[in-house]
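One chain, chain A, appears in both complexes that follow, with chain B as partner in the first and chain C in the second.
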Partner chain A sequence: MALIPVARSRPSPPSGKRNLFPYAWMTPAFLFMALGILVPLIYTIYISGTNYDQAHLYNYHWVGLRNYGFAFSSDPYTGYAQGYLWLFAWTFAFAISCTIVNICAGGALALLVNNPRLPGRFFFRAFLILPWALPFTITVVAWRGILNTDFGAVNAILGSLGLGRPDWLNDPNLAKLCLIAVNGWFSFPYFMVLILSILQAIPGDLYEVAEIDGANAWARFFHITIPSIWPALAPLIVVQFAFQFNNAPFIYALTNGQPPSLDVSGRGETDILGSYLFSQVRNSENFAQMAALGTLIFVVIIILSVFNMRFTGAFKETK
Partner chain B sequence: MNRILIALSVAALIILPSVGRDSVDAAHPRAGATITVWEDFPDAALPQMQALANKWAATNGDTVKFVSTSQPGMGGGSQSVTGLLQLKAKNKDAADLAYTTEDSVGSLVLSGIVAPRPKDLLSASDLARYQTGALHATEVNGTAYSVPQVVDGLALYYNKQFVQTPPATWPQLITMAKKLTRGNRYGFLFYITGGLYYTYWAFNAYGGYVFGNSGGKPDPANIGLANAGSVQALTFLKSLAAIVPPTTDYNAADSNFAAGKAAMTINGPWALAGYQKALGINLGAVPIPALPNGKPAQTFIGVRVWVVNNFSKNQAAAWDLARYLSLNGQVISGTYEGRLPSFKTVSGWSPNPVQAAFSRAFSVGVPMPNIPEMSQVWTPMNNAINLVVQGHASPATALNGALRQIKAGIAKQRAS
Partner chain C sequence: MAPGNPAARPRPRGRRAARRDRHLRPDQKRGIAVSWVTLLLVTLLTLFPIFWIVMTSLNVGNSFATGLLPSSYTLSHYADVWQHTDFTVWVRNTLIVGTITGVLEVVVIMLMAYSFSRFRFAGRRWGLALLVALQLFPAVMALSADYYLVNWISENWVPISDNWVGLIALYVGMSIPFNAWLFKGYIDTLPYDLEESAYIDGAGRFVAFWQIIVPLCRPMMAFIFIQGFLACANEFLLVSVLITDASRKTFSMGLFDFAMGNFTTNWTDFAAAAVMGSLPWVIIFLIAQKWFVSGLAGGAVKG
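Presenting the complex of A and B:
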């Protein structure tokens, strides 16, 4: 007896009625989004128009756009403009530097462990993923200890070599460098793995043909490797930038924004926008002003996201 | 006629019980009320205080529930009592009565979180028993908002194993500390990163001050933390980096002294019990030595006070309990709380020699300002002191920056 395959057609939606099924499926997600994102967002915008802060916790009232005025004012006592400008500048510098360092370090190591002439490359592939596999909080606390001026391992080594004891996390400039370097430590394995998988998808024949045609290693890198990985990597660069732009937990964990600045905004020298906002809310109960700043950051992020979606084609209908 | 009689007797039943009680209580019928108290008592003091509060409660048919800041649902100790009041004062389970530091009452007043103390809560004879400074600390801009319980401040602890005669001046202390620093032992360690509270004695001695005085009231427009004296004071503090590592935190100073690895330290009476346990008869204390310019070191005097939640429905009962604990709990506080009683003299309690040294230090102390503007002073000053001591800014630059930040904070606090 032969099995006769029965051709079944998918039931087509009842004609004349709109199919509500997909909307029903989306409802729970939409509700969570609304409660978790939309409601706080609207509340934040509302707070930014009041004077809700430490001095007015239970007797706050509507003050209009005053907090936005403070954000753009350079008044020596109530103006935040200068402080915010520094924060925006350092946040961009931090996000851009981290993106470049992480992708270059990850890419370089991916090229290295992808090289068939490297002995033990499978061992290195596994070994280099370790920083990614360790728990973030523990590792970052370990780094804080390693970089401690008086008791840290780095300065113990430098000191024993007679190279001085730099104040790694207390000097404004060194602390910024440390942040970018330690961020690289956390992020390069991710990019190494990603770029490695992209590299392995490049057909080997391309390189062979190029070699026969007399292209040297540099030419092969710039004309085959880079163009091959670029389409897959470009959206990741944008995403990585957006992630680092908001990477306040990392700043909070490693330096907590310290060392302090003498700026009237009360920012720390290594604070990015997100970590500054968090510390102002948590330590100074500066709710209204920070709600205004949060709204401004939100606008910036919207612009970046639109750019990102255009760039990655998320707006295009799939064919 | 019958109806009128019934109405009259019902009225009498309502009115009579409140006749004869003082006016504070009359406003609120309160038999069987539960008074929630937020506190951060040391473990040793809590059961004693609870027992005392139970006595009060028994006479009124009330219940007193102490809730420590470290309990689950209270932020696990990350929030101070003041912080909790700011966040949760309007909650249903919020405290009726809270135990907090006097310098934070100003900002609570500004937010309308604490109620003014009823004028007749403490009688003239009650008031006469408190130290003047402690009573003064309960007032914010001329109105009393709290009932004092204990006072605290700083003094110099020393380990008699290494120090026979405690230093009377800072030059002596520095010389001794340098001699005593050997191997893994420090001659002197203190919480130098602790900021203004731990170093105010230096500012004060050189002519710095937090707020000037105008007509007997602190004047927030006159801030003396960046004047020539303050610059000198901070220069002096920076020079201490020669004997104290500039990143020393509270734990490093505290644990090394308790372990006998630091011969001297500056700390408050809250550390006394631990040190006594660790060092026994070797523990000594004296007021902080005089500064190199010959001026005595005057510590900030902090006062722990009872405040009543303005949103509480049991305010009268809460005030009555505060009064009861303050008048009857002085021995408990002096013995178990690691602070000194706010009474001038307490019958049934005599200070041990170390407590007596603290008492001497406090008698010349400076009351910590408690106007709302004080809340804007701490962070900028703490930052400025650390920047200078750790060598990242000059005293004048850092203090002027801090002054700007303080003024900015006050300006924003006032913008309503």
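Presenting the complex of A and C:
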């Protein structure tokens, strides 16, 4: 499948299977991973089976799967099933839209910039990379100002053109569109640069031969470009989907989940599962229930990613 | 493809190619014109928020420029930020935390990636599967667990809460799955012949690693370091959970609290802090860009 010539490594182990050398060298990384990920993960799963909350900080005990009940109960006063379903639906839609928008926008710009006949392409590249280079915290707060209904720059321009002043971040639907668009602004440079460097590894001869054979631009794109970049792109798609699925800091910083919904779950209209979880831990301090939700999120993202990997053929170990 | 080796890539065609192609067919000319205009529009849209931050930072008063340009300009906000906030403290803290995190990441990730790439051992496939699975782990979900873990360790073993030790350890741990996978893919693309001949010449494993693998991995090491560094500058959720001491805030946390903490944001001071704070990152980033690209692409383009 891969048309890119790759120098294949031939790792023949210098010693047998009983050698302790690789284990010793991986120990530091595993220790850090244990502290940073594994122990918090196991602890979260454990907490999700207890009644640990603000009222039981020191005397919590095992309660079984009770905390998972909220997630699946549709009781109008105590059941969160409906709210969680909406949260999941928006999280899924957000992750898919962002993945598609970011990769398509980055890929399209990479194709344009990759044209050697284009004058000034290095300037375009240098400027287009800036959203990636700037600190996220700064630009996301700036976007809050730009999209502000009363004094934001977008509405200043629209207002002077007589096009009204949309309530960008307070209207549930507009806010969702804004999140996807602003996410695109943040993420396209990453994919532009990556896809550009993958494109440059495709031998130019392939295109010349195809052109002589009478293949038009579309045919060259679908039969050379796409198959050539796919092996390198597929893992990025899977990781990008998982990343956006969990991209709570972005939601938290841009809209903080606002505007509020009327759900008993207390979610905001633009909250994804992760940002909802974060604000709930901050405000309600019902830790056990949120740990249960966190565990559910992890299970869901694992299932979705396994499906993604099968579908895209990413992460196949090379022999 | 050996990404570190420029000769392995087709050379980009420059001005000479443009001169050779002066006689283009009309449809090709039209295509170039269309893509040039498209790119120009996209670039203007992309730069607009940045332009807006700069203009706001120069505006008199404490709110936005009402039109596109301020009615009168001032540099006083820059002086304000420098004198009345902990700006320099944030930058210094970020430099320290980012550098330590980056160096630690490079060392542990490289050792792990080398072991996964060059050795076949029991549990290898499970280890790799674990790396892939943990990449998907939502860091936010464990924030409260992180908090209690760090506090528990401080109470029972060593004091790591409300200082940078716990923070750095967690940053390093969280960065490992994705980066180790990337780095392993990169080492996979390096030819094994060099090491083989070194072993035949009687070199030990350490010598082969230090004299062959490490020099070849420099682009990837630079990538991991800079990415770890910039991630520290960007991260604000974990740091706001773990750090309460104002003198230990990092840049993004300080700036985010500064912008969001007050009931009414002082936008012009924020913008001035943003411009001053961004400049070092942008410069580092633009200088390190080529390592970024070759590192990421080299790890991703595996055989």
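As a convention for this text, the second predicted complex is superposed on the first by the 277 of 319 C-alpha atoms of A that agree within 3 Å, B and C clash if a C-alpha of one lies under 4 Å from a C-alpha of the other, contacts with A are read in each partner's own complex, and residues count from 1 in each chain.
Throughout what follows, a residue touches a chain if its C-beta (ideal position, glycine included) is under 8 Å from a C-beta of that chain, and two chains touch if they have at least 3 such contacts.
A quick note: this is a predicted structure, and the numbers were derived from the prediction, not measured.
Touch criterion not met for A:C98: it reaches neither chain B nor chain C. Of the two partner chains placed by superposition, only chain C is touched by A:P235; chain B is not.
By the document's definition of touching, of the two partners only chain B reaches A:G266; chain C does not. Taking chain A as the reference chain, the count of touched residues is higher for C when chain B and chain C are set side by side. Contact with chain C, but none with chain B, is seen for A:I47 once the two complexes are overlaid on the shared chain. Once the two complexes are overlaid on the shared chain, A:P135 sits against chain C while remaining clear of chain B.
After overlaying the two complexes on the shared chain, residue contacts for A:F278 are found with chain C alone; chain B is out of touch.
On chain A, the positions that touch chain C within their shared complex are 2, 4-14, 17, 19, 21-23, 25-26, 28-30, 32-41, 43-44, 47, 109, 112-113, 115-121, 124, 126-139, 141-143, 145-146, 151-153, 156-157, 160, 185, 193-194, 196-198, 200-201, 203-204, 231-233, 235-236, 239, 242, 245-246, 248-249, 252-253, 274-275, 277-278, 281, 287, 290-291, 294-295, 297-298, 301-302, 305, 309, 315, 317-318. Per the touch definition, chain A reaches chain B in the complex via residues 51, 53-59, 66, 70, 76-78, 148-150, 167, 170-172, 259-260, 262-264, 266, 283-286, 289.
Remark: chain C residues 1-3, 9-10, 12-14, 17-18, 21, 24, 28, 32, 35-36, 38-40, 42-43, 46-50, 52-53, 56, 63-68, 104, 107-109, 111-112, 114-122, 124-125, 127-128, 132-146, 148-149, 169-174, 176-178, 180, 187-192, 196, 199, 205, 230, 233-237, 251-252, 255-256, 259-260, 265, 267, 270-271, 274, 277-278, 281-282, 285-286, 289, 292-294, 296-297, 300-303 touch chain A in the complex. Taken in their complex, chain B has these residues touching chain A: 86, 89-90, 107, 110-113, 245, 247, 311, 372, 375, 379-380, 383-384, 386-387, 390-393, 397-398, 400-402, 404-405, 407-409, 411-416.
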